[in-house]
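There are two complexes below, and they share chain A, which is joined by chain B in the first and by chain C in the second.
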Partner chain A sequence: MKWFDYAAPKTLSEALALLAAHPGARMLAGGTDLLVQMRAGRKPADLIIDIKNIAELNELRYERASGLTLGAAVACYRIYGDAAVSRAYPSLHQVASLIGGTQIQGRASIGGNLCNAAPSADSIPLLIALGATCRIAGAGGERVARVEEFCTAPGKNILAAGELLVSMHVPAPRPGSGASYLRFIPRNEMDIAVAGAGVAVELENGKFRSARIALSSVAPTPLFVREAGDWLTGKPVNGESIAGAAEIAKAAAKPITDMRGTKEYRRHLCSVLTRRALETAVRRAQEVQ
Partner chain B sequence: MSMPTYKVIGTRPVRHDGADKVTGRAIYGADVQLAGMLHGYVLRSPHAHARILRIDTGKAQAFPGVMAVVTADDFPRTPDRIVDLGEGETPLSCVRGNMLARGKVLYRGHAIAAVAAVNMHVAEEAASLIEVDYEPLACALTAPDAMRADAPVIHGSLRMKELGAPTDTPGNVAEHFRHVKGDIEKGFAEADLIVEREFDTATVHQGYIEPQNATALWNNDGRVLIWCSTQGAFVVRDVTACVLDLPVSQVKVTPTEIGGGFGGKIPVYLEPVAAMLSKKTGRPVKIVMSRKDVFEATGPTPGSHMKVKIGARKDGRITAAQAYLAFEAGAYPGAMVGPAGMTVFAAYDLEHVTIDGYDVVVNKPSTAAYRAPGAPNAAFATESVVDELAQKLGIDPIEFRLKNAAKEGTRRADGPKFRKIGCVEVLEAMKNSPHYKTPLQGPNRGRGVALGFWFNVGLPSSCTISVNSDGTVNLVEGSTDIGGTRTSIAMQAAEVLGIAAEAVQPTVVDTDSVGFTAVTGGSRTTFATGWAAYEAAQDVMRQLKERAAKLWETEAAGVEAAGGVFRSGDRSMSFAELAARLGETGGPVVGRGAVNPRGVGGSFAGSIADVEVDPETGKTTILRFTCVQDAGKAIHPSYVEGQMQGGSVQGIGWALNEEYWMSEQGAMMNSSLLDYRMPTSLDLPMIETCIVEVPNPGHPFGVRGVGEANIVPPAAAVANAVCHAAGVRLFRLPMNPPAIMEALWKPGGKSSQLVPRNP
Partner chain C sequence: MQRKVHVRTTINNQAVEFLCEPRQSLLECLRDIVGLTGTKEGCNDGNCGSCTVVLDDRIVTSCLVLGVEAEGRKITTIEGIAAGNQLHRLQQAFLTNAALQCGICTPGFIVAAKALLDSEPNPDEERIRLWLAGNLCRCTGYDKIVRAVSECAREAKA
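Let's turn to the complex of A and B:
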């Protein structure tokens, strides 16, 4: 590993000033991706900015009316350790508990998972399905972007030079809603998704009022399959509707063949995982109705 | 036959090294710190096959903090000769060529040069400044590809050895051997049913958690001192001396604790390089491999391409068996296809057999031993075909094997005749196990069984035992302790001495401090070093009887010893009482044992696997798994069970997910423990064990080595279980989820096909 400088600003404005002065700087939250990449000689950086001391990036706040504010540096264990958050967003609890092992969950953040922009990121399809947005700060002020717009290519995101992700906002769960993320890995833990599906549904009178479906590991970025959710809207809640949406998700997937699976296999998994994730989301929605 | 009764053997004392291991105090190779120590980094080839046109180390040498750079040119160019690598012999040129490439690189990860610097970061950065010009060459990555007439030739000087004789045939086949017994055509003519199948297995790695490491100091007195993680300190000593052109007495190797080896820590990679860097700098140099280096540049087990054809009568008796085994040696000859040929049909008493083996060089890392090397590949092929025969003939798979099981007097096709063996006993124990007697129910579930054999080895071992005045003894040995052998060796001494296992303090020492001891490998350590301890303890007892006789003013021949008490007539004295009186009876008592035992007893193991296959994802879940193995006599049953569980789990890894995933250019794409998917504790049930004890007549306590046979049958058992669960038989390892789905998607994929044959 090459030498680098380290800074741990206490405020957002300090961090932005450092970032403005060092465009090549990289953010350190849990470091579970960054340190591995630096050791492997990928994405070298002269300055590492540790964002764990900044209040806005450590905020974890849920309010029944406004929803969830999730600071970019909040480690996974805080999410599944928070009873109110876990009750309101069982799917988020689930995702925070399946990224890495216990040690990793003590450091790794959902914000980091998003900024790392891996096609296989486990949290991103769910954030897309939940309709989450990103609060982005830069020298010129702040802006908001939808999670499905955030990743632009493997390892690349929409953050411009001098910008950083402050937090994510997840809308409050509506009555009759449920969500789920399901990934396929050959082992039972400690693995990278061969494919994954994040889904959120809202049910009303035995029908889908709305649905959002996103996939991981089957395209250069986490893939929002808007048409699959749109297709479900207004359809009765049954196996046929779910199977139809699963086929649309499968058709939208653009996977490659690599050491984690073949194209054909991954496409097939999109259908299986979307169907199974929808079944779980529907069950959750029915439980809260 | 009644089993002798023992006081220590067969009990389960706490291991002597337990406290240090669980508290983190044990010293491993990477813990070694010496005053003024430098850190080394090895530059490795990015190409799988290329000519080296030029190496320019100038910029690296000039980089601040760099103390030395070495390449192959820095090493003596002594004439080629054959060197003993611990479990086999190989030309010095291959050992040397693998350590640092000369002229050509033969696989991606092949070492090119090494840098010593003030810290590892400087060394790594400096290594990136070494300029190497390559002329990339086409590569051959599998045995079938490398055997093609138009394959790129990896070693221009290689000539095939054909049936034991040298030939002028160039190419990538280093050797073709054949074992013949009976008349294969006649045997197949007697068969009612013949099944012939082709199989492939992937390259897999041992997956020890501790990476290779070496610290070397070329001392001012001319001696080379080495600390490293190895299965054989004397192998490191001898190979290092050979490569550096020194007498063996000029090299002293201290083996540190070892974080796993499984055969992969027998070859020498870093030690001579660290020594040469130390010579150039005058300071100690430590090199520790990264995980990527371990995957790309140490020795995995061969990938293989095999054909097995077996014929049987309707009553289930096998009439003939034929095997074709082509194994990938990696960059240098020595693919462990020999042991595959020895074991492929060893579990069966057969009349007509032909076995052809091919040792094929390919552009992958030079392969090394991996726990019963060659045998798991071969068993996957044989045991799959046997399962298919039993299935088609409507015979229970264990009964089918019992009808054909090898026994005392059975002659293997490769020559040896079995002495007392436990093949039938293992099969009976499988049949009577709670696992096999419990029916498996539920959809998508299947049960598979398989049988495996490993011959084990003997080789030299040395021990000394010195008696302390408090009635304890110090046992000095040279076998690296990988699986609890300090304790299993100490227990054999304790049994002879009539004292508690805890009263023996075993220590693994450096090569200056104990007689020659061969590698911890070949399942030999409890057998052979245990035997050396047995001899040393006998030597102590002879001397102690003389001391007792002296005190009692009688003849030593009249002194008896049992259970730690010496007796002559009505006089008696405990071991501790006598130990306290050595000073007055002639001074210290030191016993020695030095052996090269020949009475090796092979070990059989059986696996029973229950699996469930998700028909939508192809994922296999191991529901239940039992390992049955003949230990001869289990010295410490917990460690025998540990070996059985470890071998089973590694075999399950072979079966389901482990493989080198190679790009077409010969780069391993999954060289991390994230993507090289070994099973974790979350992927496995508790592995059930059943120790069978058919004593080995060739060992004082009946010991058979138990380290290896357990990895031989699991992949085949899982394959058979997957076949019965999913309705498709897979012929390639690993049977990962995409492979199972592809098999299910094939037309007719739901039913297993039979090759109809009318000989």
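Let's turn to the complex of A and C:
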């Protein structure tokens, strides 16, 4: 790796001051993407800012009324190790347990997964489906963005120079709601999604009150298929409705052919994964009703 | 300004201080500066698990940790597993079950498997395979490794 300096600020304002003085700095949370990229000579930086000592970025707090605050540097194991969070958001528990292996989960954060903005990121479709928002801080103050607006191109996000992701907020699960993320990989663990589907539903009187569906690995960024969820609204909860939404998701996918799969195969996967993820989400919603 | 950093940490229950460049990984620091060469470098990008160490009670791949991040933390490496000349029962089980051939992956497997048994004394086979998914072995085909860990899990149960 090329030479860089290292700083581990203890407060958000200290981190923002460092970032303002070093526009080429990069943030270190778990380092599981950053250090691989730095070693390969991609995205070099003259300063690495370790954000793990900052309270706001380490916060993992669930309240029944207000929902979940997930600090940008919180490692995956803390999510699936937290009984209250796992109970309220089984889908988040599921996603935190499937990114990398045990060693990676001990370091990697969902915030890092989001900032890295890979089309194949496992956590992003689920965050979109759950309606999560991002708290972004910069020298000029703070702003909030929806997760579906965050990624702009492979490896690129909406953070401007001098800005950093502080945390994500996931709304409290409403009665009759359920979510799920499902990906296809040829191995059992430790692989990059050929395609994936994150879904969230809210059921009422045997009908879909609302639904949100997003896909991974089938577009330059994680893809929010708003029309598939909107189409489900008001439809009866049955296999026909679910199959219809899965076809809309499939039609929205814009995959490429690469070593992981052909575009035809990926489109097919979108339909299968969306259907199965919806079935799981519906089952979860019915369990908590 | 290009300056080395003074790191104070605890490795295998001993206070250790070292000087490193911020760009050096914990793996490089352990092997090349501290002289603990039991931890192996395999892929150097977090996929193979050969460089697994325990960092504050969590297993991590030390190739994806900076040496400077060790400041004030607690690290356990393969050198901290046996009690003097007395092998840990996992190490003994790896020998009895022939769970190693070339041996490069073995320190990582032992450190990772011990962390599992420390937190969950009785994992079943599926749990063991899932926990060790981040450790690659190109020789054994994994069965003997899983058998060795299962044997220790059964002993704990008995």
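One rule holds in what follows: the second predicted complex is superposed on the first by the 289 of 289 C-alpha atoms of A that agree within 3 Å, B and C clash if a C-alpha of one lies under 4 Å from a C-alpha of the other, contacts with A are read in each partner's own complex, and residues count from 1 in each chain.
Just so we're on the same page, a contact is a pair of C-beta atoms (placed from the backbone, for glycine too) under 8 Å apart; a residue touches a chain by one contact, two chains touch by 3 or more.
Being a predicted model, the structure only gives us computed values, none of them experimental.
Let me test your reading of the model: by the given contact rule, A:Ala285 touches which partner, first (chain B), second (chain C), both or neither?
A:Ala285 contacts neither chain B nor chain C.
A:Tyr77 in the overlay: touching chain B, chain C, both, or neither? Say first, second, both or neither.
After superposing on A, A:Tyr77 lies in contact with chain C but is clear of chain B.
Please indicate which partner A:Asp258 is in contact with in the superposed arrangement: first for chain B, second for chain C, both, or neither.
A:Asp258: touches chain B, not chain C.
Considering only the touch criterion stated at the top, classify A:Leu232 as touching first (chain B), second (chain C), both, or neither.
The answer is neither, since A:Leu232 touches no partner chain.
So, does A:Leu130 touch the first partner chain B, the second partner chain C, both, or neither?
neither
With the two complexes superposed on chain A, say which partner A:Ile48 touches: chain B (first), chain C (second), both, or neither.
It touches chain C, and chain B stays clear.
Thinking of the overlay built on chain A, is A:Val272 touched by chain B (first), by chain C (second), by both, or by neither?
first
Who does A:Asp5 touch here: chain B (first), chain C (second), both, or neither?
In the superposition, A:Asp5 touches chain C alone.
By residue count, is chain A touched more by chain B or by chain C?
Chain A has more residues touched by C than by the other partner.
With the two complexes superposed on chain A, say which partner A:Ile104 touches: chain B (first), chain C (second), both, or neither.
After superposition on chain A, A:Ile104 lies in contact with chain C alone.
By the touch definition above, which chain A residues appear in both interfaces, chain B in one complex and chain C in the other?
In chain A, positions 1-3, 188-190 sit in both the chain B and chain C interfaces.
Spell out the part of chain A that touches chain C in their complex, as residue ranges.
Going through chain A, the ones touching chain C are 1-6, 8, 28, 30-32, 35-36, 38-39, 48, 50, 75, 77, 100-104, 106-107, 188-190.
Which residues, counting only chain B, touch chain A once they are in their complex?
Touching chain A: residues 121, 124-125, 616-619, 656-657, 661, 669-670, 674-675, 677, 679-680, 682-683, 736-738, 741-742 of chain B.
Tell me, which parts of chain A touch chain B in their complex?
1-3, 184, 186-192, 194, 258-262, 264-265, 268-269, 272
Which positions of chain C touch chain A when the two form their complex?
1-2, 5, 21-23, 25, 44-47, 49, 52, 55, 58-61, 63-66, 68-69, 71, 112, 130-135
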